[in-house]
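For clarity, chains are labelled A, B, C, D, E and F in written order, and residue numbers in each chain start from 1.
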Amino acid sequence: MEQFFQFVDNNLILLYLLAFTVMLGFELISKVPTVLHTPLMSGANAISGVVIIGAILLLRRAESDDYFTLIMGTLGIILGMINVVGGFAVTGRMLDMFKKRKTKS
Amino acid sequence: MEQFFQFVDNNLILLYLLAFTVMLGFELISKVPTVLHTPLMSGANAISGVVIIGAILLLRRAESDDYFTLIMGTLGIILGMINVVGGFAVTGRMLDMFKKRKTKS
Amino acid sequence: MLASALNLAYLIGALAFVVGIRRLSSPDTARKGNLLSAFGMGIAILATLVYPFGPIPNNYGWIAGGMAVGGGAGWLAANRVQMTAMPQMVSIFNGLGGACAVLLALIEFRQLDTMGTSAGISALLVLGLTLLIGAVAFTGSILAYLKLDGKVWDSQVTIPNHSVLNIVLLILAVGGLVYICTFDPPSFGLVLGYMALCLVYGFSFVAPIGGADMPVVISLLNSFTGLSAATAGLIYDNQIMLVGGILVGAAGTILTVLMCQAMNRSLFNVIIGGFGGGASAKTSDGDQVAKTVTTSDAAIQLFYAQSVMFVPGYGLAVAQAQKVCKEVDDLLQANGVDVKYAIHPVAGRMPGHMNVLLAEADVPYPQLLDLDEANSALPNTDAVVIVGANDVVNPAALDDPGSPVYGMPVLNVWDAKNIIVLKRSMRPGYAGIQNQLFFHPKTSMLFGDAKDSLQELAGEIKNL
Amino acid sequence: MLASALNLAYLIGALAFVVGIRRLSSPDTARKGNLLSAFGMGIAILATLVYPFGPIPNNYGWIAGGMAVGGGAGWLAANRVQMTAMPQMVSIFNGLGGACAVLLALIEFRQLDTMGTSAGISALLVLGLTLLIGAVAFTGSILAYLKLDGKVWDSQVTIPNHSVLNIVLLILAVGGLVYICTFDPPSFGLVLGYMALCLVYGFSFVAPIGGADMPVVISLLNSFTGLSAATAGLIYDNQIMLVGGILVGAAGTILTVLMCQAMNRSLFNVIIGGFGGGASAKTSDGDQVAKTVTTSDAAIQLFYAQSVMFVPGYGLAVAQAQKVCKEVDDLLQANGVDVKYAIHPVAGRMPGHMNVLLAEADVPYPQLLDLDEANSALPNTDAVVIVGANDVVNPAALDDPGSPVYGMPVLNVWDAKNIIVLKRSMRPGYAGIQNQLFFHPKTSMLFGDAKDSLQELAGEIKNL
Amino acid sequence: MQLGILKEQKEGRVAIVPKGCEQLLGLDIGILLETGAGEAANFADSDYPEGVKAASRAEVLKQADLLVSIHPLADSEMDKLEAGKTVVALFEPFRDDAVAPALDKRKLRAFSLDMIPRTTLAQSMDILSSMASIAGYKAVLLAAHTIPRYFPMLITAAGSVKPSRVLVLGAGVAGLQAIATAKRLGAMVEAFDVRAAAREEVLSLGAKFVDVEGAAEDTSAGGYAVKQSEEFLARQREAVQQSAAKADVVITTAQIRSGKAPILLSAETVHLMKPGSVVIDLAASTGGNCELTENEKTINVNGVTIIGDSNLAALMPQDASTLFSNNLVNFLKLFIKEGEISIDMENEIISSALITTES
Amino acid sequence: MQLGILKEQKEGRVAIVPKGCEQLLGLDIGILLETGAGEAANFADSDYPEGVKAASRAEVLKQADLLVSIHPLADSEMDKLEAGKTVVALFEPFRDDAVAPALDKRKLRAFSLDMIPRTTLAQSMDILSSMASIAGYKAVLLAAHTIPRYFPMLITAAGSVKPSRVLVLGAGVAGLQAIATAKRLGAMVEAFDVRAAAREEVLSLGAKFVDVEGAAEDTSAGGYAVKQSEEFLARQREAVQQSAAKADVVITTAQIRSGKAPILLSAETVHLMKPGSVVIDLAASTGGNCELTENEKTINVNGVTIIGDSNLAALMPQDASTLFSNNLVNFLKLFIKEGEISIDMENEIISSALITTES
């Protein structure tokens, strides 16, 4: 318990940030029309590929002879990159169906 | 310039928090119907009375013989309290006109 | 552990603010939202009061006295004020919030001065900013209140080229802030002078802005108050002040922009083009001005009415708005509003013109009232919607013997509580004469093609 | 200074994510939103790549290789996939993101093990959580893909009382996490075992959920991937990973809830009541199931069509929906859609029934097509909206000699690209016979009173 | 003072219905009712309130000081009237310059109801509008009943029926009512008028307006149309011809206040029309808008039925009488004060309607 | 084979119009047209396609193998027909048991068009529906034209006019069309029927339905109503009386397939109706739904006009002929194959309509 409060005090602003980010996430999505559910899911999925940054950081710092890290890290980069590039591309394709402009006033 | 970057680095999470709070504020308001503009303004105004917390902190820490601080601080509390209590109360009154329930399905 | 209790209370308070504001932005949840924000504020204040900071003077007597006086005054003011004077009240409250921030900054500056301790440039900057923003919010709000209440006229407080004066003052204020930061600590006299400058600037800032634009200005000043609370939060390293203040600052800013949009103006236009401001929002005939109303306000008025009466005229036919009118009717009825149509015998351009149109829209006959029925129902009607009628609701028929319509029986719509007029312009109708009804205190105009206006109304009502 | 450049780049990236997601939630801005998010990701990756951390190995070769391979594969996969298989693709991508997080955690755990350094309980907790959440997202997504693609059936991967198994696995996984944290550092073998457990749990978690609910599950797993990215962000003290991950986590969660709502189910119901799931979302006749469509999807389909044909039937009359139908028509026409009505000679219950109704709604005669005109226009029609018609669009009239309607000329609506059927239930019409059209691959049902459905459609179209 | 209500000789309407008598009795006057005056409009003598005395025509003519009827009395009866009496009817003095002098000679005070100005104030006495409105409505019913076809479009198992086309010439009160009624029945309606204001009015009823440029207009004519140049009329006839050739029904209502109705439908155009179609000419009494119209007759030219009838309101006697009566009573109340006739020549309505004084 | 189109003796419709002949000529048959058969429906002999030979009635009767007409031939003419010929018309055998034997005796093959079943498939040959639809439409026009009042509500400067009330008894094809047309014209419409399905159908046209409980229904009657108990009819008459007393127009269409039409409007009820109101009885030919109806006559009872006419479709000869012709041609195509009549008794439509064979 003590530890928990310690953590709260030390990371106070971080907690605010987390709470606000969650609310922002909710707020952003709350009024999306059903038809955008899938593209939105896909777009969010692409963003979750941000984990690739961790893989890059790891790999840049890895010893050049630490092959486990190098190989696994590279694998991580490949996977993350598929998620990012594929995710954005596939979202873009889904959204192409909304290309037609409204002529409404 | 150097100082600025220093500041950025030191208060990184605070900056995120600020940015996200601003976005959250925008997001919350962006779809409000015109008719709620005034109550919303009034409600926000009541919240801005949060400055009273500063006055309380100040007063609690003030020396008991520092009459300038005591008097000015008390004045601050009075003003802030008017803002807070009056603000919420007046908002409440404005909103009373929305009391009628919809019977729409 | 206790420290984190305080922090948690603040976090909960901040979240209550966020959720509260969110709920405030929809009519259905607004009342709960207000209560939630108030609850957040209560928690934050309580936690601040009781948290044991250790051996400090506390001064609970002073605090309790201040809170009792302030709380009582606020409560009384809020509950005594007339419904119509609420915006003025908000303006005063806001000014007081700004004044509170000014006092805080002032006390801190004085302490620096008396202690002679140096505080660092960023602390000074924060203090100075709090002073500046708070002061502008304070005097600006007070002037806005005076203007709204009709106690002060634009001409009494403006000089020619007022915007030049404002720019000069702004430069002085910013310069003063920088100047103060060069001393560490600055002398209290210097600070007092700076404060006076800021107070004057706030007054001068609002002076040229037209009375009709005051709500926008109050909203803007409200976001200033929020910012001053945030900077004050930086002084005390207090997150809820910081977060609450920023939130209000952001929300207030976007709200200001929205209000400008609703009036079809830009913020810049409101602030700078202050002189003669509000002209575009009003339509005047000589000395008289006709009030306009936004679609959503009209929607609310109708939605929350007990009884609504449509008065169709030739404009309904021209706009071919009968079906949309029926749609609005249906929406209102679905919410328990009693809807009727008042058919004046010569509305339109042929005998029974309105009957033909409303039958086309399938309005049941029992909803149609003829002249006598309508006139006896009008005093108990909450809102009248005049859809492209003009001559048949002209009060000149009753009270202006010189008018060509004098003596014609008309619909006494002014007996109802509110009147909304849907037409495209201030142009007269068939008889070619101006209609005093449009300047009646109960009347608000909703300009535009009747079909478009009704369609927007329907949309707004659906969103309620 | 350079450090802040990196931080600023991250901040910009994070803001781009926020604004990107915001724009993704409205059809008009969605494409730009996607580009903006991608831009944010690009900036963040670029900054991470080029920022000079000082004398470190960098291993740019490995990195470049990995990025080229991954990027190329992702691009190809995204562009080759069939329109209809997109959800599967998203599911795979999501799984790979989870796998990436798992790898990161694994590497870190191994480093701890090989170095033998102690990391502190919170670091271990963060690593373990990353592993757990990432693993569940990984195997869960892969199984979801297999199910969606029809490669795996529920019965192949579930056991009786599967939910008990899931609860046991969940307890084991959480227990394992706690257990690992008691070692500092834990041995790599232990970690591998724990990982295996997590991978199995992810698979088992998704196993009992019905194929129709897969989109909901993918969305949920997507928010898991987001959370694992966030916890990984904690490992590296990296704000953009943290913020981006949390954002996706929150957005994914609320999106999941919204998707459940759109299907009229609760999330709990989807996850736990997995067996036989999807039944309520489909209406079946023996082996056949009729697809349903949500109002907003129908609205989009109509709004973005070139040509739409309404097929009114007796249900239009019963619902008295003619005027709302005309309203939808007007909205579509205002957006350049070509709208026609196909009037079958015996639609309704009296000769000319539809004519009377549509004339009442003021549909101009040239928009009305009779049987032959309609049948020749149908192959070039993007969407057909059947409003309460049934027998007159029954394909049995053409191909089922045993049917009482065999030989009657009908509207060949199946020649059009899409068919939306508005009716209240699967009940038959006047002739009392079932209609195979409702199970046609091109058909989706929008159940409800035709007037209500059309009213909602109108609302949705206005919001587009 | 005694007011006498006469029975119409050629039709079924009656000038004042029982409800109107109730109002008039409140003005302290006596009322004489010709026996059976309202019968054809479903108002029996017994429906009239107490205080109304039924009497023979001769008695009414003799005893009443104020005689009201829809159509003017025949000359023979007029000759027998005592000088000094007041007569109220539709005299149409603007059509025939001899009307007023003749009355004058007989020393009768005459109000012509068709001279009431079309001002806002006089709308409640505007008999022309009430009757024109009925005529427009009736014209469509008559046409719909006469043509051998459906008005609305129908798509049925026995084939599709095209909607009938209706062309309305002259969009005054009668024309607008005809447009509205024909639209209601599902016909496709086109209309034409020379007054600029008519265009918007036609569109406001959802019908199509046929444009012909160059119409003359005179704003001082009190809203009435003026005579057009021959050149314009020729251009107009051409435009009309195109629409008429496709039309199943043509309803013409074009009037000019003082003079013969303009010819809008030439014989040539009628010959171009489809057999089975119908022309209803409401302007028949002033010569007709169709060259071939014969007043108060129905003729058949090449399969086209041409009905010339300016008095269609008489076909709906009950409502027509009620509305006529309401208008008339509103008018009478203007100058019957305390049981006597008191004429205020300052009043524009009275001075316009009064075409001869008894002196 | 020769097909003969006869001119109707008592009305203006014609069984087959020019467009129908075009289709029939494609079946490799010859067509004889009685001179002037289509004239009254605006189809001149010259409008018929080449290949149709105009001939005198006697010639047609003699030369044609297949004789089509709307109403059956008079007995005298029928007697003169050669045995073995085929006649097609509305024989109404279900009304009179003597019809079929008489034809049989003359050794004629007869198709009765009113025996075509009301199945989904036969809808395109359903002459009863097409004609009933016209009758319903016409009934309202006739009523609107006859009553001395406006149909729609009007609020005018001359006072407010209340809308007319229309009561429709029997909401079959004719009744529904009447409801729709009366609604269009702005009347307030109430309707009544014994079939449960009719309720929803009436409401779907925006009219009010008068409920009377306890109606008998027989789903095996092919959609037709069945005879009701006397007790129910009494209850119904009472409900109808209340509505009828307020009504300006009553349109009755109630039929029972085999038998006299039910009496829904008693003499007593008619006496309660307002003077000036109208009853239009479309069931007149089978006795009428109104006790006082006289078939093919217009009578006036206490100011109430009662029109008994079951053949209103004849008043709209052009469209009525076109629709009749379309239905008839669809039916003829069922059994004219390669220029000859070939009868497939498996076909439900043919076997139902065939009431006598030539042998």
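Before moving on, here are some points about what is shown:
Please note the rule applied: a residue touches a chain if its C-beta (ideal position, glycine included) is under 8 Å from a C-beta of that chain, and two chains touch if they have at least 3 such contacts.
What you see is a predicted model, and the numbers here were worked out from it, not measured in a lab.
Note on connectivity: the fewest chain-to-chain touch steps from chain B to chain E number 2. Look at the CA centroids: the one farthest from the centroid of chain B belongs to F.
Comparing the CA-atom centres of all chains against that of chain D, the greatest distance is found for E. For the pairs A-D and D-F, the count of C-beta pairs in contact is higher at A-D. Rounded to a whole number, the gap between the C-alpha centres of chain B and chain C is 18 angstrom.
The geometric centre of chain C is 69 Å away from that of chain F, both derived from CA atoms. With centres defined as mean CA coordinates, chain B is found 32 Å away from chain A.
Remark: chain B and chain F have CA centroids separated by 80 Å (rounded to whole angstrom). With touch defined as above, residues shared between interfaces to two or more other chains in chain B number as follows: 13, 16-17, 20-21, 23-24, 27-28, 31. Residues of chain C in contact with two or more other chains: 18, 22, 243, 345-346, 351-352, 356, 359-360, 362.
Across the assembly, chain E contributes residues 123-124, 129-130, 133, 152, 154, 156-159, 161, 184, 186, 206 that each touch 2 or more other chains.
Counting only pairs that meet the touch rule, the chains in contact are A-B, A-C, A-D, B-C, B-D, C-D, C-E, C-F, D-E, D-F, E-F. Against chain B, the residues of chain D that register as touching in their complex are 1, 3-5, 7-8, 11, 14-15, 18-19, 22, 239, 243.
Against chain D, in their complex, chain F makes its touches with residues 119-121, 123-124, 129-130, 133, 173, 176-177, 180, 184, 197, 200-201, 203-206.
For chain E in complex with chain D, the touching residues are 152-161, 163, 186, 188, 206. Of all the residues in chain C, the ones that touch chain B in their complex are 17-18, 20-22, 24-28, 30-31, 33-35, 37-38, 41, 44-45, 48-49, 53, 56-60, 62-63, 65-67, 69-71, 73-75, 77-79, 81, 83, 86-87, 89-90, 93-94, 96-97, 99-101, 103-104, 106-108, 110-111, 122, 215, 218-219, 222-223, 225-226, 228-229, 232-233, 235-236, 238, 240-241, 243-255, 258-259, 262, 294-297, 299-300, 304, 334-336, 460, 463-464.
Across the complex, chain B meets chain C through its residues 7, 17-18, 21-26, 28-64, 68-70, 72-100, 102-105.
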